[in-house]
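For reference, the structure is listed below as structure tokens.
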Amino acid sequence: MEVVYLIMKPVLLMITELVSPSASLSDEALNILTVNNLWMMLCIALVFVMHLGFACLESGFTQSKNTVNILFKNTLTPAIGLVSYTIIGFNLMYPEFANGPGWFDFSGFFLKDTLGLDYNIGYTYWTDFLFQGMFAATAATIVSGAVAERIKISAYFIFTIVFVGFVYPTIGSWQWGEGALHAMGFYDFAGSTLVHSVGGWGALAGVIMLGPRLGKFINGKVVEKPGSSVPLATIGVFLLWFGWFGFNGGSVLSAEPGTTSLVLVNTSLAAAAGALGGFVMGYIVFKRLDLGMVLNGILAGLVGITAGADLMLPGSSLLIGFIAGLLVVLSAVTLDKLKLDDAVGAISVHLTCGVFGTLAVGMFGAKAGWDQLLNQIIGIGICGAAAFGGAIAIFFLLKKTIGMRVSAEHEEQGLDSHEHGIRGYTITYE
Amino acid sequence: MEVVYLIMKPVLLMITELVSPSASLSDEALNILTVNNLWMMLCIALVFVMHLGFACLESGFTQSKNTVNILFKNTLTPAIGLVSYTIIGFNLMYPEFANGPGWFDFSGFFLKDTLGLDYNIGYTYWTDFLFQGMFAATAATIVSGAVAERIKISAYFIFTIVFVGFVYPTIGSWQWGEGALHAMGFYDFAGSTLVHSVGGWGALAGVIMLGPRLGKFINGKVVEKPGSSVPLATIGVFLLWFGWFGFNGGSVLSAEPGTTSLVLVNTSLAAAAGALGGFVMGYIVFKRLDLGMVLNGILAGLVGITAGADLMLPGSSLLIGFIAGLLVVLSAVTLDKLKLDDAVGAISVHLTCGVFGTLAVGMFGAKAGWDQLLNQIIGIGICGAAAFGGAIAIFFLLKKTIGMRVSAEHEEQGLDSHEHGIRGYTITYE
Amino acid sequence: MEVVYLIMKPVLLMITELVSPSASLSDEALNILTVNNLWMMLCIALVFVMHLGFACLESGFTQSKNTVNILFKNTLTPAIGLVSYTIIGFNLMYPEFANGPGWFDFSGFFLKDTLGLDYNIGYTYWTDFLFQGMFAATAATIVSGAVAERIKISAYFIFTIVFVGFVYPTIGSWQWGEGALHAMGFYDFAGSTLVHSVGGWGALAGVIMLGPRLGKFINGKVVEKPGSSVPLATIGVFLLWFGWFGFNGGSVLSAEPGTTSLVLVNTSLAAAAGALGGFVMGYIVFKRLDLGMVLNGILAGLVGITAGADLMLPGSSLLIGFIAGLLVVLSAVTLDKLKLDDAVGAISVHLTCGVFGTLAVGMFGAKAGWDQLLNQIIGIGICGAAAFGGAIAIFFLLKKTIGMRVSAEHEEQGLDSHEHGIRGYTITYE
């Protein structure tokens, strides 16, 4: 054990001693940094909650024979995502901060920049990393829902590591890493494209490569696979709305009161209007009070407002959210017609509404205009091609090597009994 | 689409450009605004969580055949509430900020006041709106639980729109809009009367107008309708306690450390003592360890402390919470005797303890005294008459037009299969 | 009633009037206090959520016939814990602030110190109390899980009152109350030893004194008792991770940006690595994708990093979390071999990984070294002896007086039907 700390101690000691910022900052500057950093840390906690939201949503909307499998994937996704983003992703996405390979650089960065205002006045290096890391892991989670109930867990995890470690941050670097898309004038405030549609393209690639669940499409008819627990799915959607306060609110990258509060208003109104859009279109299409469409409508509104949450008036947010709520239903119906089987509606929520939300920046709000709309279309195209192409490539390699899909017997009996050895629910009264 | 942004762009552009507060505020003032606003934004997120709390509580305490229906109502309630409060309620409740009809005024207000300290130093206009909007929607949610399992969903939604859009903000304006009750000396810190008893009166009106669920009272005996999921109800109560940190803490309207932290201590101690009160009285009355009464005791304590959370010592909070916990059980038993069927105990929690908590301001703490107690009684009476009268009127009109209640067949088979086409839980292992 | 306020009013009025800090602090100092206090208040809310996390985890991992009983215990635990910590525990743990018996001293302290910087610049007296009170109640909750499904509820509650009111704060005072351990050089940042292993020793004492559940060990074989709801347990673990942001983040006792954000990074990376450790060792030992071990691995990582979350580099946190994740599986297997029946794995998570995490302070990070390691071992020994001895003594007295364990009939039929009169789940479709 002495060996361990002999190796690590010198670096660590230096860092810890230099964590205290009292020396380098004025009281005023430290105060501003403290407030902004506090907001960002809370946004991290909120974005973290989104992972629980996805876990609830996906396990609630899928069959009880696969509950443990879904939860297993969704629990390990943020864990694997954070670790791979630590080791590879962060440095890849924000190359300007990197000066060497691997995660030992953290110390270097921190010592050099973090607490001085030359890092930035919004937050420390650690906060930046953790916010981005929590964000990154959501892109993989989006895929998880679409491919649920038949994907091999090993294939899913390898996909997650490569997608979060390479594809997502590469695309992200083009915009948030001050790359070419940013220079061109593309605008994506909190990631309708960079997070949601990237995840959505990954989901679409997965669904195409995997094929539908057994018995989903019979004689051209869609067979419903009833979700195990509607309350669980509802909890998931509320937690995602809750987490989106941090996802969008934190994307201001400071606690600046005007913008942050405007962003929260726009986010909530789009979610509310999305619920109404999903309600209305769900009623028109299915002739029933379709809770699933209301829930997906909320998510649609949230995804839709994400690209321009800092640019809109509340009136525009209501409109964007409502349209997204309508679209998510139409998209789900269309995917069913195309026999693309998305177990939880992830493609409709994240891809369809991610694209719409990105276009909305050119149609509504402070940046509206034909030039901007063109930039948005180009950005959507480039990111989409990269994300979809990358995901197809990864899934193709997986399919040719370890295989993507569990056996038919295994799928029919449920993944829980085969791989996990326990059931999701054991409710008995002897 | 060009039309859309041609219309909206000029207004929007102006706003966005003026969102940046750097010009008008001193660094010191901006810093204070930023901190206070940050606290208020987090309180918004916490109050939002209360809607999830209500959804869990109500679906957990009601029968599994109506789970989807409850969730449908509780998911759309904050959505409808936010939208109607956006369009009508906010301007009605705070008339001093209004200078024209409808929600396009937001921009005007914001431009004029928000980021200058002449709006206020606690938060921006947007924050104010969203905090109040989240608050407003809770009043409708309270009604939702009481009338569950037999109300027509169309009737419920129309009620919600009118109640959140008109009744609640009208009553609120008398006190928080600096109206007549406020001038008279009535005190209600965070809404034991203005939110909880207003919701509770609406619930009582609903229960009277609807009548009890089929088979609830047979030959003078109360028939228990077992709730579908006690864990779900427990999650709901914990989330409501969690959300109450924002409900009461945000009602300080700033992050002032002395008052906010005192309020949180009082809120938590009242909840803790309420649990004990519900436990004790539940044991006395029912001779069992009644978890339902412990959970409602927590809510009773929270509602009870809400009117005077900034005025009490911790000792008084413990006492108020404990008494509220006792009262909620006695109230539930009394309602049963009166054959008033409240599906989740909402009237006992929000009306009984809302009234008690408002009276407690005259009995304990910094404002205690006969004069104050008289003011409290008058305020309770006026708000109660308006809320109960308003709710009765709305329900009466609904009853005479579209009808309030589902058919007996429909009620017996459960609302989920009829209106929603799915079940709350599908737990099977093939 | 006049009597009540005549007695209480003079004290109360004074306090409330003096709550306003404007007189005594400079703007600058007030601003710092406000930000730090805001962070601490949010950490309180997060630590509160941990109680919901424990409730979900424990009821999810135990049998459905005992669900209500678990929830009853876990709901009343924070209530009883807060009240007993109010009356006894806080003054006992922080004797330097006490100047008389009981909770009326609160006012005295507050008036004298709280808002002046001579209390401290991190938070008010109220915030300090509530943060510590929420913390204290977690130590009892840890015990609750281990002894579930067979302990008498009366015995459990008496244990909780004495453990939270006396044992926990006495041990805590040796370190956080600036006592002998602190003077010696023992280091425990947020309580791997003072909270988690103290709770874990209490759990071990309980399990030894109670004996295993009926039918748990048959002919030397371990019989699995399937948990009622894996999604519920998963929600619990995510909420505990979420709450740990406040548990560790708040232990900085200010919002100082460098340390708080480093602590959050370390906390999250240890949790993520713990998940991987539990995954790997679960697969090695059980040859399956064991979700329970992944979930306990997350908690193991969190407990493991708690003692040194402010001292580590992210690299060390990953290592500590991963090792803790391996250890929690080995510990669970070992306890099974020793026929010690811990219903939810609390001893392995909180005791085993609490001890490991405390040792890790001497092995990794800024304080690593043989001297520190020795201090850590001594501290672990002293706290362990006191916690285990105290818990054994309390349980012994309970066993000799009211009895610790329910009857065999009662245990077999489930505690819910006997003591609580309702079932945890009633999912039927007539």
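Every chain is named by a letter (A, B and C) in the order it is written, and numbering of its residues begins at 1.
As a convention for this text, a residue touches a chain if its C-beta (ideal position, glycine included) is under 8 Å from a C-beta of that chain, and two chains touch if they have at least 3 such contacts.
Since this is a predicted model, take the numbers as computed values, not measurements.
Student: Report same or different for the subunit A and subunit B interface, where same means the shared residue numbers exceed half of all residue numbers found there.
Tutor: Counting shared over all numbers used gives less than one half: different.
Student: Could you work out the angle of the rotation that brings the CA atoms of subunit A onto the matching CA atoms of subunit C, rounded to the nearest 5 degrees?
Tutor: Result for this pair is 120 degrees.
Student: Can you compute the centre-to-centre distance for subunit A and subunit B, using the mean CA position of each chain? Integer Å is fine.
Tutor: For subunit A versus subunit B, the centre distance works out to 31 Å.
Student: Using the touch definition from the top, which residues of subunit B touch two or more other chains?
Tutor: Subunit B, residues with two or more chain partners: 31, 35, 38, 42, 229, 235, 423-425, 427.
Student: For a test of understanding, state which residues of subunit B touch subunit A in their complex under the given definition.
Tutor: 1-2, 4-5, 8-9, 11-13, 15-17, 19-21, 27, 30-31, 33-35, 37-38, 41-42, 44-45, 48-49, 51-52, 55-56, 59-60, 67-68, 71-72, 75-76, 78-80, 82-83, 86, 103-104, 106-107, 114-115, 123-127, 129-130, 133-134, 153, 229, 232, 235, 419-430
Student: In their complex, what parts of subunit A are in touch with subunit B?
Tutor: 28, 31-32, 35-36, 38-39, 42, 46, 63-65, 226-231, 234-235, 237-239, 241-242, 245, 249, 255-262, 264-265, 268-269, 271-273, 275-276, 279, 286, 288-292, 294-295, 298, 310-316, 318, 363-366, 368-370, 373, 412-414, 417, 423-425, 427
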